[in-house]
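Some structures to go through are shown next.
Below, chain A partners chain B and then partners chain C, in two separate complexes.
Right, the complex of A and B next:
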């Protein structure tokens, strides 16, 4: 085929869209993080470190620790549930696999707001689990189970489960089963095969999905506000609160930049680790 | 025993994922004006309210219009990027592709904050067009990856045949490539549209105070005392989402699309 300019010209369209509407906003966010707050408008052009200085206070230290804790706990639990579940599901009948895929895709697409609301109802004393337990007689004075840390965590897990499960799905379905089958024919118990063969093979995938979920849960807004108590609110809620509630965009931008750097650090670390593994194998 | 335990585990998870929605469904058809379950009397009044009251109809319209255009924009970008990668198979195509995967790696709050300051500076803060563009650009990853599967499945023979018969690259694209990747394009479009309808944070931070979308409406409603209309809205959402996915599963092989079987 003759080398032509046309593909490059077509390529300019997606390139320009991504640069202008994805990279430029991120770059501009960094610029705004050095601006000053303008009580009458969005911000005043300036160059100050004040917004970053605010981050180094005990308030933001508490918020950061809290966000890291809820995100890492959520990520661990969700992967611990999704991994064995997908291990079982890929061996199910095709019709059940389709059921699961549609269920997972629906949950993946479904709004955080809807999932949060559904749990809110299920946790409420008027219609959910507390009412049922009271009715059965297991709980004398049923009270709402939300807002609480546990409710928020369950919201996280429902939200993340579909994503992790769909990430594991192709790798799990296409895995090389020859060693497992050999071990099984030699009389190894299935549980032992799972721990000794399947799990070690999937360690990299598990580590990277925990990291992905961790990053994802850091940026969750609706679950903490709907199901969590104010003392469970993570950095995302605070950023939104500052930027929209207090109309302090520069501070919101500065906090987002800190989160962005942290995220890039994790993604970079993951990439480095996977490159090292490839080099050594 | 072990097979039974396995089934129990998977079923328990399925129940945990579905149960909340069953309760919401129950609440949405209850005649009482306080949220309660199980319903004592059934009625469709909350659905009627949802589909006749202006303060619900406007958010529904906003959401659907934003989703329709965001899907179009997203698929156009994804198709162009994939075509370029397929034609050039080189650095430039890869760069475009890598940029498209970027938004998926970052927590949504960072993207929402960036979009918020960007549109404030551009003067489009609070406009639906801004939400459309932001949604279209940020959800591009899904159609990008899905359409890439379509291009990967193209066999060289067809392209070669069309070329030797004297078709121009444009004719080859319009008559051969486009029809072949169309199912993937439709799938990508549908997914972006559904996700856009459901998205909260970006819509809220870009134009939430002026353009109320359905998730924003529901969230505000839940926060400041709610009626069972919210439950009917949530059910409408869930049914729409599942309906579109079921339709998709009929026109394409979803299991293969998600990479369950070897192509």
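Right, the complex of A and C next:
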């Protein structure tokens, strides 16, 4: 009798962690999203749909589409860059491999604000890349490169690059190279081997890292405010403005719940699609 | 054994909390950055010297964010600070939900030398806030890139700024009021939503000229001093002090007036040190301390002019003689959510 209880008790641990750190705050957020906004104070306990209704004004709708666009573009670009980079790194000499891994790890300990400020200086016309280009004569009238969508995207990539690269590292270093070697000895050009052998083997890993980065970039706050134009501000910025700036917790909570639903839909769709492809192939 | 340990623990805890109440220390919060640092270094030591009450100075975030924190803390019956510096609008919002403690006016006799209107009472006559300082928001420019200082708020629209202006991203910076006064003759246009939309549409014309819609004041100041931005809306006091440090910036009062804001000292309802806080307020509004604040912080005093020993030159440097532009707090309170949505929509589209 005692024995059969043990697995259940072990199973209780992750459940308790989920409840404490995720489900309870989430439940509270959902409850608050139905509260009534009190413009002078904080909120009144009640059950209203007003906060959700607000989302369907064109403004919030545009902002959410914008967040989805910048997060998905950022996720795609960062994976497109990190995947080949890691592919090259794992084939290096052990010492260089270690160097790159340590460098990538140390990149991860930089805070978003520090990275943002570093890019801000690099993009500024008085001290950064534009100044340099003007000095060597490549840019006649140098101007700041930020705030702009491109600057924000570069901020995204700096944030996510090391994360994605390190996600690929173990799997890529330990992959079975015999298939590639077979393809090569049979006369397939290296580029074709990469597309036809390596990439298909890593499709699930690529899909899941794109999904992870997508979710990560949806929640980024500093990069859009620091490096982006107001046209690039994402839902996270607006939610912060509403919840902290205007003390409108119910609206902030409702917008968060909607973004959560969007995210779940997209990731669910992505996972379903990749599973279907796997099943058919 | 364990009982004794527990006892010692309880005793030391009691001693700790006890020291918070009886050993005279108060926690004072002010807007973070240069402001809070200068108050801590220059103004507070004088108070400690006179009263023996030590001041623990903490930085507070921008108005509304701080109000949110105070409200949350009050729900848990806690006061993050014994005293806070708050703007007019925050004071009214907090008062409407009984966030502020009632002060005993007899303990703050220096209110006699205050300018009119700087003591705020609740509907049933309790003193809730006392004026702390006033500050101007003006038209600031970088002197390296803008040779000729602006003369009117209209210059924002008519001059070519090379797309390098910096404006705040929130609706209650005073820009709406300045726009109303400059282009629509008076604040009356702001009384209706149609009127507010007209004012916002006018500000939208500036969008091609604006490089930075700032929410972080530090970012604006740094960019202006470096010449990344050539001008914008910013605090008169900080700009003036930067200029005195030799940085290429200047603050100009346009002919329609600078934007004047008032700040008050409030005591959060759950503070345990109300008496010490009253002593603190009484010290901070004393004419000689008000004069010191004007000299060191560049803010406009709230004490009567003839009670202070400021020279004409010193007095003129922290303000202007013309009628100032006033934030239309009642409109921002009434239309708050609608207005902030409209404004955000305008700048982010």
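Following the convention adopted for this analysis, the second predicted complex is superposed on the first by the 243 of 281 C-alpha atoms of A that agree within 3 Å, B and C clash if a C-alpha of one lies under 4 Å from a C-alpha of the other, contacts with A are read in each partner's own complex, and residues count from 1 in each chain.
Note that contacts are C-beta pairs under 8 Å (C-beta built on N, C-alpha and C of every residue); 3 or more make two chains touch, one makes a residue touch a chain.
The structure presented is a predicted model; accordingly, all values stated were derived computationally and were not measured.
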In the superposed arrangement, which partner chain does A:221 touch: chain B (first), chain C (second), both, or neither? first
Considering only touches as defined above, state whether A:25 meets chain B (first), chain C (second), both or neither. first
Quick one: classify A:76 as touching chain B (first), chain C (second), both or neither. neither
Quick check on the superposed pair: does A:111 touch chain B, chain C, both, or neither? Answer first, second, both or neither. first
Report for A:263: first if it touches chain B alone, second if chain C alone, otherwise both or neither. first
Which partner does A:238 reach: the first (chain B), the second (chain C), both, or neither? second
Which partner chains sit in contact with A:182 here, chain B, chain C, both or neither? Use first/second/both/neither. neither
With both complexes superposed on chain A, which partner does A:42 reach: first (chain B), second (chain C), both or neither? both
Just to be sure I read the superposition right, which of the two partners does A:127 touch: chain B = first, chain C = second, or both, or neither? both
In this superposed model, does chain C or chain B come into contact with more residues of chain A? B
Identify the overlap between the chain B-contacting and the chain C-contacting residues of chain A. 42, 120, 124, 126-127, 225-226, 243-244
Listed in rising order, chain B residues that touch chain A in their complex are 2, 6-7, 9-10, 13-14, 16-21, 23-24, 26-27, 34-38, 73, 76-78, 80-81, 83-84, 87-88, 92-93, 95-96, 99-100, 102-103, 105-118, 120-121, 125, 133-134, 137-138, 140, 163, 169, 191, 194-195, 197-201, 204-205, 208-209, 215, 218-219, 222-223, 230-231, 234, 237-238, 241-242, 245-246, 249, 254-255, 258-262
How about chain C: which of its residues touch chain A in the complex? 62, 64-65, 67-68, 71, 75, 93, 96-97, 169-170, 211-213, 215-216, 219, 223, 226-228, 333, 336-337, 340-341, 344-345, 347-349
Quick one: in the complex, what on chain A touches chain C? 37, 39-42, 59, 62-63, 120, 124-127, 144, 147, 225-226, 230-231, 233, 238, 241, 243-248
Within their complex, state which residues of chain A touch chain B. 1, 4, 6-8, 10-11, 13-15, 17-19, 21-26, 28-29, 32, 42, 81, 84-85, 88-90, 92, 94, 97-98, 100-103, 105-107, 109-122, 124, 126-128, 131, 158, 161, 166, 169-170, 173-174, 190-191, 215-216, 218-222, 225-226, 236, 239-240, 243-244, 249, 252-253, 256, 259-260, 263, 267
